[in-house]
Amino acid sequence: MPIDTRAPLLAAPEHEDLRRALRRFLTSAASVTRARAHAEGEEFDRAVWLRLADELGVTGLGIPEEFGGVGFGLTEQAVVLEELGRELYGGPYLASVVLGAAALLAAGDRAAQEKLLPGIAAGETVATLAAAGVDGEWRVGGPTGVVAREREGGWVLDGSCTHVPDATVADVLLVLADTEQGRGLFVLPAGSPGLSVADLSALDQTRRFSRVELRGAAAECAGTPGDGDRVLAAVLDRAAVALGAEQLGGAARCLELAVEYAKVRHQFGEPIGRFQAIKHLCADMYLAVESSRSAVMFASRALDEETAEAGAAASLTKAWCSDAFLQCAGDAMQIHGGIGYTWECDVQLYFKRAQSSKHLFGGPAHHRDTLAARLGL
Amino acid sequence: MTDTMQYGDDAAEEFRGSVREWITENAPPELTGVFDWRTREIPGYRVEQIVEAKRHPAHVEWERRCVEGGFVCPLWPVAAGGRGWNRVQKAIFEEELHAAGVPRIDRGMGEFLVGPTIVARGTAEQQARLLPPIISGQHRYCQGFSEPEYGSDLAGLQTRGAVDGDELVVTGQKIWTSGAVDANMIFLLCRTDPAAAKHRGLTFAVAEFGPHNGFDVRPIRQMSGAYDFAEEFISGARTPLSNVIGGLGEGWSVAMTTLGLERDFNLPTLSLDFLHEFGRMADRVRESGRNSDPVVRQTLARAWSHVAIMRMFAKRLLADEEGTADMVSSTKLFWSEYHRWVSTEDLDLDGAAGMLRPAGDGYPTTPIQDSFLAARAATIYAGTSQIQRNIIAERVLGLPR
Amino acid sequence: MTDTMQYGDDAAEEFRGSVREWITENAPPELTGVFDWRTREIPGYRVEQIVEAKRHPAHVEWERRCVEGGFVCPLWPVAAGGRGWNRVQKAIFEEELHAAGVPRIDRGMGEFLVGPTIVARGTAEQQARLLPPIISGQHRYCQGFSEPEYGSDLAGLQTRGAVDGDELVVTGQKIWTSGAVDANMIFLLCRTDPAAAKHRGLTFAVAEFGPHNGFDVRPIRQMSGAYDFAEEFISGARTPLSNVIGGLGEGWSVAMTTLGLERDFNLPTLSLDFLHEFGRMADRVRESGRNSDPVVRQTLARAWSHVAIMRMFAKRLLADEEGTADMVSSTKLFWSEYHRWVSTEDLDLDGAAGMLRPAGDGYPTTPIQDSFLAARAATIYAGTSQIQRNIIAERVLGLPR
Amino acid sequence: MPIDTRAPLLAAPEHEDLRRALRRFLTSAASVTRARAHAEGEEFDRAVWLRLADELGVTGLGIPEEFGGVGFGLTEQAVVLEELGRELYGGPYLASVVLGAAALLAAGDRAAQEKLLPGIAAGETVATLAAAGVDGEWRVGGPTGVVAREREGGWVLDGSCTHVPDATVADVLLVLADTEQGRGLFVLPAGSPGLSVADLSALDQTRRFSRVELRGAAAECAGTPGDGDRVLAAVLDRAAVALGAEQLGGAARCLELAVEYAKVRHQFGEPIGRFQAIKHLCADMYLAVESSRSAVMFASRALDEETAEAGAAASLTKAWCSDAFLQCAGDAMQIHGGIGYTWECDVQLYFKRAQSSKHLFGGPAHHRDTLAARLGL
């Protein structure tokens, strides 16, 4: 497959303005210290979320203007996700703005879009998507644990779904469910009768996952029953790149933490950053970060422009950034020595996030195999 | 006879038969069900889990029989209350215990570090007074060497020891104290002569450990949620001068004796534990049908290869006591890097399911997650992988410092 | 306009259209069949193969048209005989040539190193006299910097340069001279003031190259069997003082100018060549049916990922001329380590068949074997991977020296 | 599969005596300098070969006493192969003493054994085995290019076989050929009518391979037609370990060359061996060498004692030592810098041997897959 040589590439100056503003905000209002508090049980801070939406405008970035958004694409959202990833931000950006909005846009149900997207764009509605299979894997055509039946002109859902991100704070749930015509996308508000949501204990405590139980819960169908796998496929490519951008941010922050520590920590009378072994670990981390950045730039642009290699680029990005983030988090830990694997050290939070994100939306080996298929192999 | 015993020769096999018989006769049958003793040497178990397992009546009974039978601290000289075994005998004993699925009753740092140091450097009085309570389990030691700014670089440590009458009074701070949770004794290094050069003026002493003796112990929580290490703020801890080993100001030399004993590695047992762990991974792969995935097959073949080679390293170490110093860094590097790799692969096999932990307070994890997290510590403690490579390059290969 | 051109913007695409049109009209159709020009930037081709391909009448004709059309040394200023293109234009031109399967007519070190050095540091007289023969192809340069004991460490070089009347007389030894096979000119560093401090007293000069001028050229055979480099014993080589660039004793500073130009990297083209190479590997895998082997699929996915990322690195470099110095070590490290890995995987795909070479004298090899062997040089020349990592750590990340 | 914990392990003092004697001999009479000359066209030096047989006694080491050998096993042969591998010895030890003798012993044809083994043990008869498939791969059940037909009480061979080691110097060829009863092992002397042997151009010039053409060449069947795959399987396990031992020797020598060079080569005013990057490369090479040594000790003993894990140990050893040798040769080259990839530097000879040996008798991925099968996966 040719790799497109045409697309302009440089992050626009506006991206850098957004990045700076966001970094300033996160450092003061939603740094990794807050992520740690959130991990240890602090509730979701809706005020910060609304400031992200209002002051920074990041929730509407990828939503078309006709639905109250700014009408940009993944290229711009990638900047946001990278910054959120740097601080392990625990809010529902991935759940609501990436998964939720992408699913609604892909499903193409105008009424549902008009009803929900403006709220998502404004940050007032938090959405999430329940689409993992019973084993927690998000895969097109995989087994689903929810069944939708038509009843009295509407639909009723039964079953359960695991690995639903941020479901406890969501105002609206999108659920992929089996119908007689194939899988379809369904919408129901939080608090619906028959719907229950329970947080799961996660390796990575900075991102919350839930189990959603449905017992005769009424829902509306968004789009066409039977079209769910197509919707999920479109969502998953975007989710892969979005998560890749978030992983890039985490990897970059791990490199910074490692370099900062290597400059100040002395052993044998020298800063450990003077030892070539530490230098070379850091240099390889830098390469992992910058190659991940290249992958994210490539894939987000390719998806926005719907080029022929968009799918391959998405698979590449999820596989590559997953490996890069774990490498950087692990090496940052190694460079920190004993301190690195203590509960108090932030590096361990990144390390757990890295291993966990690696398996969200499909692991690296899965994505490489998909990439091979997309290359015609 | 035992001094010339070769691993695998007739004398060794005769020995194996005799210890196996003793184990069969004495191990309480229900002990195997209390805990998966076959993997306890692998990083990943929490001290508190093991402490709890040791409270089980079957373990208490087993411990009693081992003490009575003289199977505790068996490497110690007979005069010190041990059996005077060589390493081959200890390895064979542990292999048989592993096969039976029951633990060796060990005394941790008391057995491996403090006891042999006292045997080598202590007076007859100290040996008579300090060794028996280690064997009986009455004294449980932790190690007080590392300080916050001096991890790999001991010669600079700052904890002070002042002589006050016939007592030593210790003030300062220690960190990375493993076993502190369960310890009631500590062996430590302190600076008794601040005017002396860096690695002079240090003193090695044992002391009662705990808040009653000025040790403010603050457990360090690891990323696994476990508290396997602690930090201590020491304010005026006292110990009689008769608890100084090797004499005041001789601490550096005594500590080097102790650190040399860290080479009394447990690779024979560790490699069996890794083999057991491999078996569990292979079983999971077979059960899930993923053994037909060529990528997974490559991974499992690599894993078994490492374990088989590790097992062979252990046999080479046992067969060649003289040349072992050259290989200790290599085997530490080999198993710790292997485990970092394989524990990640193992958790990866769980895919998205591995993102979730068991429910419960206090960050409980699955054994596979425990291993994954703890493996990251093993490439750091007892000399990082970087330091092991330096040692190999300089001491074994002779590259210039 | 071209100064503000962004890769991919309208101006750039208009430019692309115009060069494409010129190429379509001027490239001799049979030229594409002479050689696989699409992979010529990848380490692995032998200089002699390329030299031979360049003798083909279609190439001779193409070269003539490119010279006449002003498409040679296009990055040079117009006053120097070039086109004053920026890097984006050069990259687009090369992309179009690559798409058409024909080579850019380059002048090697004359174009990339000597010419720009003379433009920056030479006099008007030197520019007028020395630049045109580079464009015409009359002067073909090789580089005389490295010496046997001073590879990465230029400041210590020992080759002497003595002023004799209006000439410089050079005596000494140079090594790793690439392009020596085909060169008739050399640019070199020599020590004209042995009394001065290490990096002072050096002089940069150009000279006629060959036995007629005291250069005893001994080609160095590489493990591939090719002779891409040479060693020279220099006894009394003469060059007029008017061939000294930047003045006597200013060689260090001029050489730094030249070495800075080595950063005029070819990643845009190189990444296309790697993509072409990947395509050939993928075709072989498909033809052999091994594309259904999951292990092979993982390998090919990794390979394409590297190439796609390399392509993106190239675009980032083109888009951001200011920040490029930071990334040059990274991209060199990335592609050379990638190629070392992928060329081994590529040869491994041939299995036992890859153990055999084509028959013939002088160690002929298959292109895959060539790549496998040459890839080992690329992690060494122009700064080893170890040196690139040092540079990244110190200059980019700011770790202490 | 359990890993046997019982077998005694230490190399016996006699092994070390053999090693020292052999190293002394090879250093003076058959060092890598001779291997280079052999690579550049020098003929096989039969005098050196006979001295190896007579003075060192290495050819008879693994052959039972009843056939004129010493009756030791692979454990002892591994010492020899390691030493030969250190110097890239170009003679037919692998061909004659490993492949040839093992094939005759496995085939179990008493008459053939009595006729040929004493000569092989004495070094007077050089044997080789033609058993690669048409693609050069030595695989049980793979395609063979030779057909054997019964005629007038004997057998006649037709076809060709590639990757036959040292066939040009062999006095007797053992050929695996298809019969109507399945594959069988056949014996014919060099110079037989209808037999022609042509050297192949090899990546690794220090080991000679030939193509053997058979046009109605008369041969005797050793053992039972149809038993050939069993014979080949037995031979290949021994060959895998033997080659592993040879690779171990090459890897160990590469490490020595790298360390020696790193001590004397100065850059920036220091020996490069003082740089931590070089130190760590060397330390990792040391681990590769010593782990390979462990593998060879494990597998040679397991095959000699026919333990349950013998097959797994053989596969492990070939895969492991192949990777280790290429790593050590490649890193030795990297440490040598520009000199390392010149024709004149011995390191390149080891590098080519490493890549080539990796694919002889099956590559690492093949052996790992076989290992997995042998572990019941």
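Think of it as A, B, C and D in the order they're written, each chain with its own count starting at 1.
Methods note: a residue touches a chain if its C-beta (ideal position, glycine included) is under 8 Å from a C-beta of that chain, and two chains touch if they have at least 3 such contacts.
Bear in mind that the values here come from a model prediction, so they are computed numbers and not experimental data.
Peer 1: Which pair, A-C or B-C, has more C-beta contacts?
Peer 2: Most C-beta pairs in contact, of the two: A-C.
Peer 1: Using C-alpha centres only, name the chain that sits farthest from chain D.
Peer 2: Of all chains, A has its centre farthest from that of chain D.
Peer 1: If you average the CA atoms of chain A and of chain D, how many Å lie between those two points?
Peer 2: A distance of 53 Å separates the two centres.
Peer 1: With chain centres taken as the means of their Cα atoms, state the distance from chain A to chain C in Å.
Peer 2: Once rounded, the distance between the two centres reads 42 Å.
Peer 1: Starting from the mean Cα coordinates of chain B and chain C, work out the distance between those two points in Å.
Peer 2: 56
Peer 1: Where the centres are mean C-alpha positions, what is the separation of chain B from chain D, in Å?
Peer 2: 42
Peer 1: Out of chain B, which residues touch more than one other chain, so two or more?
Peer 2: Counting only residues that touch two or more other chains, chain B contributes 294-295, 298, 386, 389.
Peer 1: Could you check chain A for residues that touch two or more other chains and list them?
Peer 2: Each of 275-278, 280, 365 in chain A touches at least two other chains.
Peer 1: Enumerate the contact residues on chain D facing chain C in the complex.
Peer 2: 132, 135-138, 162-163, 200-205, 209, 266-269, 275, 277-278, 326, 330, 333-334, 337-338, 340-345, 348, 351-352, 355-356, 358-360, 363, 365
Peer 1: Along chain B, where are the residues that touch chain D in the complex?
Peer 2: By the definition above, chain B touches chain D via 6-9, 13, 95, 272, 275, 282, 285-286, 291, 294, 297-298, 300-302, 304-305, 307-309, 311-313, 315-316, 318-320, 327, 330, 333-334, 386, 388-390, 392-394, 396-401.
Peer 1: Quick check: in the complex, which residue numbers of chain C touch chain B?
Peer 2: 293-295, 298
Peer 1: Write out the stretch or stretches of chain C touching chain D in their complex.
Peer 2: That would be residues 149, 151-153, 175-176, 220-223, 225, 229, 295, 340, 344, 347-348, 350-360, 363-365, 369, 372-373, 376-377, 379-381, 384-386, 389 of chain C.
Peer 1: Spell out the part of chain A that touches chain D in their complex, as residue ranges.
Peer 2: Residue list for chain A touching chain D: 275-277, 280.
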